[in-house]
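Shared between the two complexes below is chain A, which pairs with chain B and chain C, respectively.
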Partner chain A sequence: MNADIFLWLVQDGVTNGAIYALLALALLLVFAVTRVIFVPQGEFITYAALSLSLLEAGRTPGTIYILAVGGLAAAAIDGYAALRERAWRRLPRIAALYIVLPLAIAFLVAWAAPRKLDQWIQVLLVLAMVVPLGPIVYRIAFQPLANASVLVLFIVSMAVHYILSGLSLVFFGGEGLRSSPFWDARFKLGVVEISAQSLFVVAASLLLIVGLWLLFEHSIYGKALRATAINRVGARLVGIPTALTGQLSFLLAAFIGAVSGILISSITTLYYDTGFLIGLKGFVGAILGGMASYPLAAAGALVLGLLESFSSFWASAFKEVIVFTSIIPMLVWLSLRSRHVEEDEE
Partner chain B sequence: MNRSLAIALLAAGALGATAAHADVTVGVTLGATGPGASLGIHYKNAFQLMPKTLGGQPVKYIILEDGSDATNAGKNARKLISEDNVDVIMGSNGVPSSLQIAQVATETQTPYLCLTPINVKPDQYKWTFSVPQPTELMMSAVAEHMKKHGVKTVGFIGFSDAWGDLMYKATEHWAQKYGYKVVTNERYARADTSVTGQVLKIMAANPDAVVVGGSGTGGALPHIALVDRGYKGTIYHNHGTVNAEFIKVGGKKVEGAIAPTGPLIVPEELPASNPVKKVALDFTTRYEKSFGAGSRNAFAGYSADAVHLLGAAIPAAMKKAKPGTPQFRAALRDALEHVKNVVGTHGVYNPTPENHNGEDERARVLVRVENGKWRLMK
Partner chain C sequence: MSAALEIDGLSVAYGKVEALHRATLRVNEGAIATVIGPNGAGKSTLLAAIMGLLPSKGILRYAGALLDGSSTEERVARGMCLVPERRELFAELSVHDNLLLGAFHRRGDGARALAADFAEVYARFPRLKERSGQLAGTLSGGERQMLALGRALMAKPRLLLLDEPSLGLAPRVVRETFHIIADLKRTGVSMLLVEQNARAALQVADYAYVLEVGDIVLEGPAAELAGNPRVVETYLGLSSAAR
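So, the complex of A and B:
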């Protein structure tokens, strides 16, 4: 291997690592706040990337049906609860958030799709379609079980993953899709050419990470999220609505997933089930970072990206083996270091 | 009294009916979901267009879903045989699944028309017939083309699964005869986000040509990466890659990609003397009418050809036994070994006891991406 190849591999590893870092942050955030190991994180990537490709082709993505039907289901659950408690005043808000908003977005997309609008508008449409899915999924699948054990939440999470990836096959089909890059430029940096798209990926990841940091440090919602993450019962005692923080964390997770999907949709061919594997690697990155701190998780994801890139050069047939085996030493270390914590000690 | 008589009569009538109309039952297991979905959907679609009578005999198709999972495929095969008493099995989209079914077919002595190119010996798998062209036959077209253009070194990059292995073996198989050397054996997965590492390794070896052992849109990723890195040699694909989606995903970057395929991809461009032309044209027209323009693909053709083969074998088997019996299954198997010149969508089949596929050079053509379309290379 010469310096040339080394630099290429580093560039590739950093680009992928940046995506994994975003996902690691999202997974860690959701886990800390709601104790859900959020397997379907990858589905947001798929939905966003494939919706963007379809919009580019002037076709209406099936995501809008998932959004509309999911919104109605969430409204039904919330509306029923409100009716039972005779809290009439909650009804207009439920209707606005879960019925009017998703339907408005759905109609807007259906109107805009055949018109092949500017790429930036398409990106905004995709965000508008995918991001609300986060809170909707939380409302339907996880909020009723907010106090269940990590294992139960994990099993529900698997079920949600299967449902979403099944729908993804129905709406997007079995073949892969790829969207055109935002900016098809390449920069020469010594011997290495860097594509504008990979710069976008790294810049967007850094921007999001800084944004998240600002959110957690300087906003009341961020502080509420942190408080819930540290101690759920304590947070509730001081008046933080934990259902709201749960929804907020899923909103952020969906947003991060959607942004990752938009970023990589022009770098690689995506299939209806690709997101799962990318999400899984984000999860491995989070574990490499000890599943505890955000900077460590991001660093772990970056290391994973590099490891993947170099192993694809040296032993491509064993790439996945190398990547997924790398968590074993970390898991051993984690389990040796931590004292055993009982599940229901809250 | 009257009522029980009526029931008895009804029961007798029902029995009589089944005995008189002994349909030939075809059991199919396919994975239209799961990792093989992109192929499975086409295989499955084709069965909607299949005739309801074959060789003058009514046919019933029972189609089960295996989710592209080998264990499920095996289970489905067992279920089809033990519960539905099928006369013949067809399936599945994926080499591991097909091997699993072949095992069940041998155990239960049921003829099996395999829809993926698995390389099994007829003396070991007496009941298995492989419908698609053997990968070696397909890749021989590529090897000939490479020899004609003076290719001496070949880089290989393929899926890290059984398909990648098959393609690597087929590429390696002709190396000696056609005077080239395979210098890399790189692997990637369909869902990989990047193949930079593998492509860099190929670029470092600098081969005259590259063979991609992927399938469908999955073949586009290494091709695009090679072009992005400035690779100038010819990039060859295989018959699994030839569909419209591949070009949709690859766009301009896959212009000039060469691949072998069955004639049914380009029936319009075949000379009128080609025996396959009529059958292939008829099938693609009907398929595209049902599933959209440009939806033609090799996989649906394999389903169609399996049914063609079955249709050719049924009359001989009917002379020996009734459908639904072990004797019929054995007769069907023997008949499948002796059918002659069965014209399918992919080629002309002449299976023998030694060769359970029976296709020849007429079953392959080379196609190239020109102006966003797969065109026959003359």
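So, the complex of A and C:
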């Protein structure tokens, strides 16, 4: 290995690591607030990336049907609950949030798709389609189970993953898609050539991480999210609506997933199920960081990205094996360090 | 006198086991009512049901309006606040952030109103001011109780529910706590106080109820109940022996 290859591998590893770091943060956030291990995180990547590619080709992505039908289902569940509690004043809000908004987005996308608008408008459309899916998924699958054990939530999470990836196959088909890069330039930095797209990925990840930090440290809503994660009863007692914090955390996770999908859609070819593997690596990154602190999770994800790029050079056939095996020593250490505590049931 | 809280025939069941059986009680506006009774009598269950943390049957009326089907956060927004037995603080957040979140339902009130409330709470609990940057989980038992009370005060409650505020505290801190409770009454806050320390509770309260295994077995003005032979024998005698 010479310096050229080394630097190239580092660039590749850091680019992927930045994406994994984002996903690790989203997974940690969702787990901390709702105790859901968010397996379907990867589907948001897929949906965003493939929707962007389809919009670029002037085709209408099937995401709008998932959004519209999902919105209707969430509205039905929420509406039924409101009717049973005779809380009529909640109905207009439910209709606006779960029926009017998703349908409006769906029609907007259907109208815009054949017109092949500017790339940044397409990016905004993708975000508008994918991000609302987060709260909708939470409302349908997880909110009714808010007090269930971690294991039950995990099983539901797997089910949601299979449903979403099945829908992905139905609406996007089995072929791989790739979008065009935002910025085609390459920079010479000494001996190594850096693509503008990977700079873009790293910059966007850093920006998002700083944004999340500001949210959690300096806004009352971010603090409310953390408070819910620390003590649900305490959070309810100070008047934090815990259902809302669940939806907010899923919204953030969907946003992060969608941004990751948009960022990588031009770097790699994505298939209907590619997101799952990427999401899983974000999860491994979070585990490498001990599944406890945000900076450690981000660092773990970065290490994982580098490990992946170097193992693809030295032992490319075992790349995934090496990446996923790296979780084992960490798990052993985690389980040795913490004495076994029975899960705290409410 | 108008009632801050009226409870009529309130029952709470954990599965098939009834923990509270058709309890009826009221807290007058600006007064302190206390519920005394042994461990496991259903006192904490009563408070949790009042806050909507547990589903219950029966009638709950707050400031004249029914609480039917309203969520905990709606009850908090309407001025009810519970200081729970386990304090339920946010251990990994700073003392300051715990207090700030106490005012979560007043987040639209503006920075000036909050600053005034912070100043008030810090004046009442100077210890919290010294430790405002410290994580809540690192506080001592007495400081935690102060923080739980301070967090509740940040919510500007009209009805304060206190669950065993003296539990696990040193006698000096207990006295301080009851001093603060009496002080709060002067500011017009109505309170429902649940206590095992019957002596202190009967001293500070206006009206008292005795709860035993899910049933209210005795009630009356606090001063009267403090002289009731049954109360003296079961609760006052016991609590002085324990101390």
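Definition applied: the second predicted complex is superposed on the first by the 344 of 346 C-alpha atoms of A that agree within 3 Å, B and C clash if a C-alpha of one lies under 4 Å from a C-alpha of the other, contacts with A are read in each partner's own complex, and residues count from 1 in each chain.
Here is the rule we go by: a residue touches a chain if its C-beta (ideal position, glycine included) is under 8 Å from a C-beta of that chain, and two chains touch if they have at least 3 such contacts.
If you're wondering where the values come from, they're calculated on a predicted model, not measured in any experiment.
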Open item on the list: In the overlaid three-chain picture, which partner chain does A:K116 touch, first (chain B) or second (chain C), both, or neither?
Closed with: neither
Open item on the list: I'd like to know which partner A:S316 touches here: chain B for first, chain C for second, both or neither.
Closed with: first
Open item on the list: After the superposition on A, what does A:R90 contact: first (chain B), second (chain C), both or neither?
Closed with: neither
- [ ] Name the contact category of A:I19: first (chain B only), second (chain C only), both, or neither.
- [x] first
TODO: In the overlay, answer first, second, both or neither for which of chain B and chain C A:L237 touches.
DONE: second
Open item on the list: Going by the contact rule set out at the top, does A:I220 touch chain B (first), chain C (second), both, or neither?
Closed with: second
TODO: Could you let me know whether more residues of chain A are touched by chain B or by chain C?
DONE: B
- [ ] Give every residue of chain B touching chain A within the complex, in rising order.
- [x] 32-33, 35, 37-41, 157, 160, 185-198, 200-201, 204, 216-218, 220-221, 228, 243, 245, 248-249, 251
- [ ] Give every residue of chain A touching chain B within the complex, in rising order.
- [x] 5, 8-9, 11-12, 15-16, 19, 166, 169, 173-178, 180, 195, 264, 267-269, 271-274, 277-278, 309-314, 316-317, 319-320
TODO: Enumerate the contact residues on chain C facing chain A in the complex.
DONE: 51, 53, 69, 71-73, 76-77, 81-82, 84, 86, 88-93, 97, 100-102, 104-105, 107, 151, 155
Open item on the list: For a test of understanding, state which residues of chain A touch chain C in their complex under the given definition.
Closed with: 85-87, 220, 223-224, 226-227, 230-231, 233-241
